[in-house]
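Inspection log for the structure reproduced underneath, given as structure tokens.
We just call them A, B and C in the order they show up, numbering each chain from 1.
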Amino acid sequence: MSDPVLTQLVANLVAGRIRVVDLTQTLSPDFPQIVLPPEMGQAWPFRIEEASRYDERGPAWYWNNFSCSEHTGTHFDAPIHWISGRYLPDGSTDTIPAAHFIAPACVLDCSKQAAADADFLLTVGFLREWEKRHGRIPGGSWVLMRTDWSKRTGPVAYQNLDETGQHTPGPDAEAVRFLVAEREVLGFGSEAIGTDAGQAFHLRPPYPCHYYMHGSGRYGLQCLTNLDLLPPTGAIVIAAPLKIRDGSGSPLRAIALVPAPANAPARDRNRTSEAKKRGIKRKRR
Amino acid sequence: MTRPLVRPPRKNPMLKTRVPTLPPPGRSRVALGLTAAAARGRFELQVCRDCATVQYPPREACRACLSQRLDWRAQDGAGELLSETTLWHSHELFYRERIPWRLGMVRLDCGPVVVAHLHGDCTAAPSRVRVRAALDRAGQATLIALPQKDTPNMADDRQLREMTCDPKFRKVLITDAKTPLGQATVEAIAAAGADLVWAGYGEPWKKTRGFDRLASIPQVSLLPLDLTDSRAVRDAAGEIGGRVDILINTADYHRIYGIAARNGLETARAEMDMNYFGLLRLAQEFAPAMRGRGADGQSSAVAWVNLLSIFALSNFPPHGTYSASKAAALSLAQCLRAELSPAGVRVINVFPGPIDDEWNQLLPPPKIVPARLASDIVDALRGGAEDIYPGDIAQEWLARWRDNPKTLERELAAASR
Amino acid sequence: MSRRRAAYDEVVVTAPVTVPYVRYSIHGAHWFLAGALAELLKHAGLSKDKIDGLCVSSFTLAPDTAVGLTQHLGLTLRWLDHIPMGGACGIVALRRAARAVQNGDAEAVACIAGDTNHTDSFRLNLATFSQFARDAVYPYGSGGANASFAFLTGYYMRTYGAKREDFGKLCIAQRTNALKFPYALMKKPLTLDEYLEARLIADPLRLFDCVMPCAGADAFLVLHRAQAETLGLPYARILSTIERHNAFPDDAIQYRGGWALDRDELYAQAGIGPQDVDVLATYDDYPVITLMQMEDLGFCEKGEGPDFVRRNTFTVDGSLPVNTSGGQLSVGQAGAAGGFLGLVEVIRQLTDQALGGAVAGARIGLASGFGMINYDRGLCSGAAILAASGGPS
């Protein structure tokens, strides 16, 4: 017997009153991956090799094998990913409670600041300003830093490297400590290649978002997109990493449920039924 | 007088492309000794250890004293042209397509009489000539008599060009043009007269010093190319593969670990993915078109150059996994050589000693400078060899390896302790 | 000093036969050799079981050699030889067979040579001709001996002043001889202009300097003289023979052949001199080699070949009849049969069985063999002096 709350949810989805926003970049070999100094172990870029494509290697089917890092593309960081979280319980992708994969999100619009300064740091002051307009950041929610960085579609602009390294926006140490200690958020999400700013090596401590978030058993999301389609509050983010044994993270499909504008059209039910009809026809043959 | 090469006219797309044919490729095992030497750019003949008689054609026992102790020794090729002819008819398709073809009979100063191709600038018999051994289009040693002194445009001789892979007026792909060696190769190939040089580069967000300068060379066309991405290699081949005459694979992922010095497989996998699988991807995507164009006019597909390493011959334990990846690439390059040989496309393997770059920082000199290595690659293309060992270290390790591979193995292990 | 060689008394050569030459044939070599053997038996009036010795030469018999032919043709023999010596095989076969019959190892030895010719036979034969050719000649583009003989011809012309007209004179004379010979494949007269202006093959060699490969066979029978007379067969006597392989190996380029080493012995054993020769058969794969044989067999001094050619005529009625059936240059080269062609023609001339023009009063004939361009020179040389059966010189 289905619960009225869930039935209502489905009805709202079908009626188009709740929209699904895809927060995920496409996984392809062109998508840049994080690059570390050459002496260190590197994250693999996404690579995909055809196994067969309706040919002599497999006449009726097409499939691929792929490889990548746990931290390639739009991905989830688990607490065990950072040294500060290495001993925490339930800190790997297979032990994180599944309930944590659905959570509300607050979206902080830093797009103008990031456009003006690639090294823009999110501060406590910015957070307090935001809360004045949108209310207190609830505990257990994602804090997503919208910078429109995902609109940089070329890998050179996305990486934004020069002789001093990477230049992408992120939070400063104090802001992270605030979100962890004062607001008990679920985790921090970014459109750039890391949750920490590109130059965060030089902050104290280095990489404060990784250090404090994972050090307190919290999570990260990176390479998000379409944050500009989310309201400042009220979106529900579904972000469930692959259940990798001892995993430090994984690429994932991150989506958000948002209330649709009042005049949004209902979902096209006819298309669904056609697909079903086709399936039945195939079986008869 | 040899006429200098001129840029060929544009190919008529309505005409069938000529399919490659080869000069007769069969040789007895003992004659392959000539090929083995020519592959390294040397002209060697058997010399009897007991009576010093020089032998030709190659044989199993001394023609003078029957001794079976015959050693291959370098010869300077000086000799006298006794008689010459020009073929106007041949039963062999390769020569039928290339007549008239000059041949000569030369009495070498060291003794034997040889049949040789005759360079156009050699004067009528009797005259002095220099005989050289080069690899022909079938990849076998062949002898060519050159005039005693170099003549203008000598390399442009029509017959000599059938033994070389001159980049002049050809289109060349250099797979990684970002590294210092890659940049130097682009410059050297452009200076050698190539019509078009594709400068391949991966990881566009990673800038390397000097790369931007390449775009200002008129023949250069920058080409995104990541050898670890199969789809990207296929797309690049789809775009330019049908025009590549010479492919120079300079991509090289070099780290400095043996087995114990680096936990996990990540680094070794990255070395294999670039150095071995990168070559495999390139070969799968680019070789078929090159095979079809082995006889496609003056600017035919003609060579595939692999930047290997002297470490490919014998593992250098401090760079142990890198050495293994280069050894894997060497074996694959031999496979590629066999697959390209029916088309007359030569696979040239380059085995430099340590290059003077950041990954060889701790190795003592002499280290080879990128510009010098690039120039050696161009020389190999212009010559008739297929295995080159640039630099003093490479030459020394090669000599030790040829003398006894096991002793070199021990010496390299000792040097790394 | 070597021992005195035995004379060939009581051994004779007879039954000169030819299987007509054709340009191409779908038959194998076995067909032509069988045809030659059958012709021999018919000509000699012998049944097959009377043949107890066989000498075979063929390039295209592979994978068979002579022994395969015994079963193929149903022969039971007590003497068998296979002579892979190209243009010298006729002379060498004669030498082998003659000693076998002379010593009683065999009574009747059939000597046969023949080859087929398919459109690609020649090229395939060349590719596997010899190890040295495969390693050091064939890769350079000349099919077969053309380049090697172009070198020799060029060198000879430069060294001794021979002109193309001299070679042409020989070729034209042979063509004239061939016009009467029923088996000749070249049937049109040849003029000097045609010879000089013909298609270049490998300069200075042009089309009419080269033989035409074809299919065919030639054969003869070696018997005891008594048996030949019993059978009523006209025969020729063997006065002397010579054979040499790899003569003058240190000559940088071949300008003389093994005959120069052995000719004194050839004439001494025969008891005659070159001036006594009524009909000459040279091995004529290229005209320059005919000149070389004329010099080395003593018809003139080394280097005087051109002058000798200019001073003489070589048709059947000439001052020195040479290659009176036309030679290979006008009849065709049926592979190994080319090594028999000259000898068979001399036998015909000496037994009054000439099929074409007959040399009047031919008493003494000299047949010369040369062949096997293993690398850069012909390794085999040989010659035989035969006499008509009416008595010596």
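Quick note on the criterion: a contact is a pair of C-beta atoms (placed from the backbone, for glycine too) under 8 Å apart; a residue touches a chain by one contact, two chains touch by 3 or more.
Computed from a prediction, not measured in an experiment: that's the story for all the values here.
Contact topology of the protein chains: linear, an open path with no closing contact. Core chain by CA centroid proximity to the global CA centroid: B. For the pair chain B and chain C, the distance between mean C-alpha positions equals 49 Å.
In this assembly, the C-alpha centroid of chain A lies 93 Å from the C-alpha centroid of chain C.
Rounded to a whole number, the gap between the C-alpha centres of chain A and chain B is 50 angstrom.
Residues of chain A that touch chain B in their complex: 29-30, 32, 35, 38, 41-42, 44-45, 47-50, 154-156, 158-162. If you check the complex, the residues on chain C that touch chain B are 122-123, 126-127, 131-132, 134-144, 146-148, 150-152, 154-155, 158, 199-205, 249, 252-253, 375-376. If you check the complex, the residues on chain B that touch chain C are 23-28, 31, 56-58, 63, 82-92, 94-95, 98, 101, 103-105, 107, 113-117, 125, 136, 138, 140, 142. Residues 203-207, 226, 228-232, 255, 264, 266-267, 270 of chain B touch chain A in their complex.
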